[in-house]
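Several structures are given next for inspection.
Each of the next two complexes has chain A plus one other chain: chain B in the first, chain C in the second.
So, the complex of A and B:
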């Protein structure tokens, strides 16, 4: 029971890390390797507002989101859209996007170093125990989990029960056909990308309550997010959520019952198994 | 159109002429992480000291070498915490920038990676952030490599002795939970600690490692707590030092000794945990009451805007002082002559006197410190003055 709860809490953290990337990769077709930097920037926002202005991170989430949304919109329109227009095939887009966002991640690290310095952003918020069914958990982790759950539900409602959401799913299935039925593909792709960035930054603000970040830790989160998105199935947020929770529970199980040294190995083993048995991911559609 | 350009050219020419009359410049290389996994530590411990040292030397007019005066100019390279980049940067400094001297890199691994290059080009390498148990072998291989921060076994012995003292006084039990980060640093210390604790009669009731970058340390802390130890020892790196401490507070881990490694001595540690940090032990330490250290800490804060840490910061600055004193003492900027001077002299630095043993090793260093009254004070060393008595950890409130 304790393992399940701790694992679900960790899974919530992973969902926060990976949800935004799924929108960007699945819907806007940008495999964004600067995802981790967006997360770190969100975490820095929370740190700065908390230490300098005494604004609690739970409020900062709402300040960080529109900022990240606007910034990611700009990045998409200025840097990425010309590449989409120029490309002749989907494969070409992916290669260009990988190279461009890889470059952007270095730019982001450099900018953050110049703006924030290379020191750890470390603060203490809601670092209190909370007792659930006889076991103690960190209140900040429980809070982040609730935040993740809210985000997931909101995102799911939007994608599956609104007209814009349906259009976004349509461009994820086939941008060409979506254009034929009157969907403004370039605008919606930009929207999906910007929204993905906003969600990642919100996730960053939430996880910074208990993770110690610095300007160059982003790449760790990018890798984790990529694994989760690919395990869950590109373009399906249900897959990302399930994969994140699965990974959290598995890592906690291995750490508690077998050995904490084997958590990484078990995570990659799961990844390999899923790739072998369901290459399209848990919820993915096989490409024709 | 032409007049402003002319004016600027003239100004530049005057400035150039003035500077060449007043002082020559000495090119000093500095290579360390500004990005990558160790950047967070280097930005606290290493880079501010490079800035402070250059500021201090130039503020007093520069280095007086014979009848000449040299101001120093720093050439900085980011090695991205990647040994291949450290090597490339040192090589570039030696061959293209023609640096007169190159300050040591940051961390054990990066220093050892670059040692052959320093050796090949004849640069003295007085390390300040490297710990090694193989000084004898190293000094035979690289005659101009110096170790100042101590060895894994020295640090472990300091910790074991401190805990033995507390146990003999009746304030500490016999059981230990020990965890380490699964990389060279953590593994080396844990391997040195296992037999040392056993020999001292301690019983290790929980012993595990976790991968670098683990995002949830609560299973580790829960496992340790279930073993009901009287001491918790972690050979940890900065993010996990913070993570383990936070989990200990949340689980209300009731131990008499709580020890974490790198970053425990950072001002940010007390900044984050406040009163809960009281009584936490960590690797390193300084003589916080020494006026030389206090004066250094104040200058560090003035010039760089941040306080130094309570362990390696002062050691980093001290090794820069050794370069400074050796260049002036040798009266030449010839590398071989300066290297000879370093080998054959003792140096007065902000951490006190540094005198080499026969293996180019500084035998007197701090091993264990403890947060007491908001200051991280040295409680054990291998021959430094000013150690205070250790106290037992009294809860997390």
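So, the complex of A and C:
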């Protein structure tokens, strides 16, 4: 029971991070391997504002978001769009995107190492126990989960109940047809990419409340988010959330029952099962 | 064999014979750089054998390398060293086949993601196994010197080049070239694309594992953090792409300058190696999409095209 709830709490924050990636990969069609670095940068922001300025992380979330939005928008327009324009084939774009976002991720890690050093950073915020239905949990985990859940709901409302949200979903289904019905595809793809970055950074600020991060942990989060997105189905919001909760529970189970060092192994177990049984994602229909 | 083939084969033999003479200069620094270059030549060339024609970016090199290093570390007490190298090769090929079977039927993105975490996955499992059995690191104490490692690697490099050359002449190589150009077409002319990709991926898997097994005596002390450095995978990708994967000898053109650059940067600014990796990736995409060999070839065809 304890494992289930702790796992769900962790899964909730994973869901937010993976939604950020899904906006970039599913909607803007950029497989962003520098996603984890955006997260770590968001965490750094929360850490710095809290220790130096005494700004609580819950407020920082709203400071980090516009910064990450602007930065990711710039990256999309300046760095990534030219690749799409020059490419001759879909396969070439994919390889170029992978290499470029890898490059960006290493540059980001290098810059963060230079600015903040290679130490782990953590701070103590709301680190007191809270009792819910007879079990005790860390208040910061619960708060992070609530924050993530709130943002997920907001994102869902925007995607499914606003005109822009609908257009973004349209470019995810078919960029060509979306263009035909008068949707400005390049502008919306940039918007989806930037928004994905902002959401990931917010997730990072929330995660930093209860996890210890350092400059080079980003890649682990990128991997987990990618596995969640693939498991849930690329571009599928509902699938992403279910997959994230599943991963959170499994990871907590493995960490408490077997060994805390095997968290990535548990993610890989899910990944292999999905690849072998349902490569189209949990709720995906098979595409030919 | 045609005349150009005999020609390139004999040039290759002479070059390898020259390279094998490096230890006779008895310069410790040159030899240590030589071992590094030979190691990356083996890794990058075998990487390009698979990733060049298929365009699947493999980041699994560190996983295979670590697996090989652990084969030596665990087996050196029980088996003769010369037996461990083929065992490492088989293990590497098996791991590659498993990874390939799980991912190579699907699009390239799944493959990249899977191989990205593979080294970390194997590292976690080995660390866990060590915690269970209560051991920490392992000592590899042998009489093998730096010269021996260098000669072994040079021989392995020759073997890789020969394999690459033979594959290019075989039915497998022909199938891979079609597959790389257009997978749809390959499937329609009756090529079993997944099987071809898995078979080909086993080559770098085996080679990287053997390389790891050969280098274990150099490290003396083996622990997961040393054997599975994720940087290795990325360095190999950069070197191979920097040189260019269109030619068998392409990667070596990237290996040599990048090794010197890496040595210089990690000597003077040890904290900036990550930044260097990142900038190298960006440089490859924006400035050298076909590597140094691509540049050379473009220059040559321009010369030929221009009226003399």
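The definition used in the following text is that the second predicted complex is superposed on the first by the 267 of 288 C-alpha atoms of A that agree within 3 Å, B and C clash if a C-alpha of one lies under 4 Å from a C-alpha of the other, contacts with A are read in each partner's own complex, and residues count from 1 in each chain.
The rule is simple: a contact is a pair of C-beta atoms (placed from the backbone, for glycine too) under 8 Å apart; a residue touches a chain by one contact, two chains touch by 3 or more.
All of these numbers come straight from a predicted model, not from anything done at the bench.
Undergrad: Following the overlay on chain A, give me a clash-or-fit verdict for chain B and chain C.
TA: They clash.
Undergrad: Contacts for A:103 in the overlay, against chain B (first) and chain C (second): which applies, first, second, both or neither?
TA: Only chain C is touched by A:103; chain B is not.
Undergrad: Based on the superposed arrangement, let me know which partner A:10 touches: chain B (first), chain C (second), both, or neither?
TA: first
Undergrad: Touch check for A:166: first (chain B), second (chain C), both, or neither?
TA: A:166 sits against neither chain B nor chain C.
Undergrad: Taking the superposition as given, does A:113 touch the first partner, chain B, the second, chain C, both, or neither?
TA: both
Undergrad: State whether A:211 touches chain B only (first), chain C only (second), both chains, or neither.
TA: In the superposition, A:211 touches chain B alone.
Undergrad: Examine A:220 and indicate which partner it touches, taking first as chain B and second as chain C; both and neither are also allowed.
TA: both
Undergrad: So, does A:91 touch the first partner chain B, the second partner chain C, both, or neither?
TA: So A:91 only meets chain C here.
Undergrad: First (chain B), second (chain C), both or neither: which does A:128 touch?
TA: Touch status of A:128: first partner only.
Undergrad: A:259 in the overlay: touching chain B, chain C, both, or neither? Say first, second, both or neither.
TA: After superposing on A, A:259 lies in contact with both chain B and chain C.
Undergrad: Report which listed segment of chain B has C-alpha atoms clashing with chain C; options: 5-13, 131-139 or 185-193.
TA: 185-193
Undergrad: Which parts of chain A are touched by chain B and by chain C alike?
TA: Touching chain B in the first complex and chain C in the second, residues 109, 113, 118, 216, 220, 259, 261, 263-264 of chain A appear in both lists.
Undergrad: Help me check something: in the complex, which residues belonging to chain B touch chain A?
TA: Spelled out, the residues of chain B in touch with chain A are 34-37, 39-40, 42-44, 47, 179, 182, 208-211, 213-216, 218-220, 222-223, 238-239, 242-243, 246-247, 249-252, 263, 266, 268, 271-274, 306.
Undergrad: Which residues of chain A touch chain B once you look at their complex with the stated criterion?
TA: Residues of chain A touching chain B: 2, 6, 9-10, 13, 109, 113, 117-120, 122-124, 127-129, 136-138, 141, 210-212, 214-217, 220, 224, 248, 251-252, 255-256, 259-261, 263-264.
Undergrad: Across the complex, what residues on chain C touch chain A?
TA: Touching chain A: residues 55, 57, 102-103, 105-106, 108-110, 112-114, 116-117, 120-121, 124-125, 127-128, 131, 230, 234, 241, 271-282, 284-285, 289 of chain C.
Undergrad: Can you check the complex and tell me which residues of chain A touch chain C?
TA: Contacts found on chain A: 31, 33, 83, 91, 94-96, 98-100, 102-111, 113-114, 118, 216, 219-220, 223, 226-227, 230, 259, 261-265, 267-268, 271-272, 275-276, 279.
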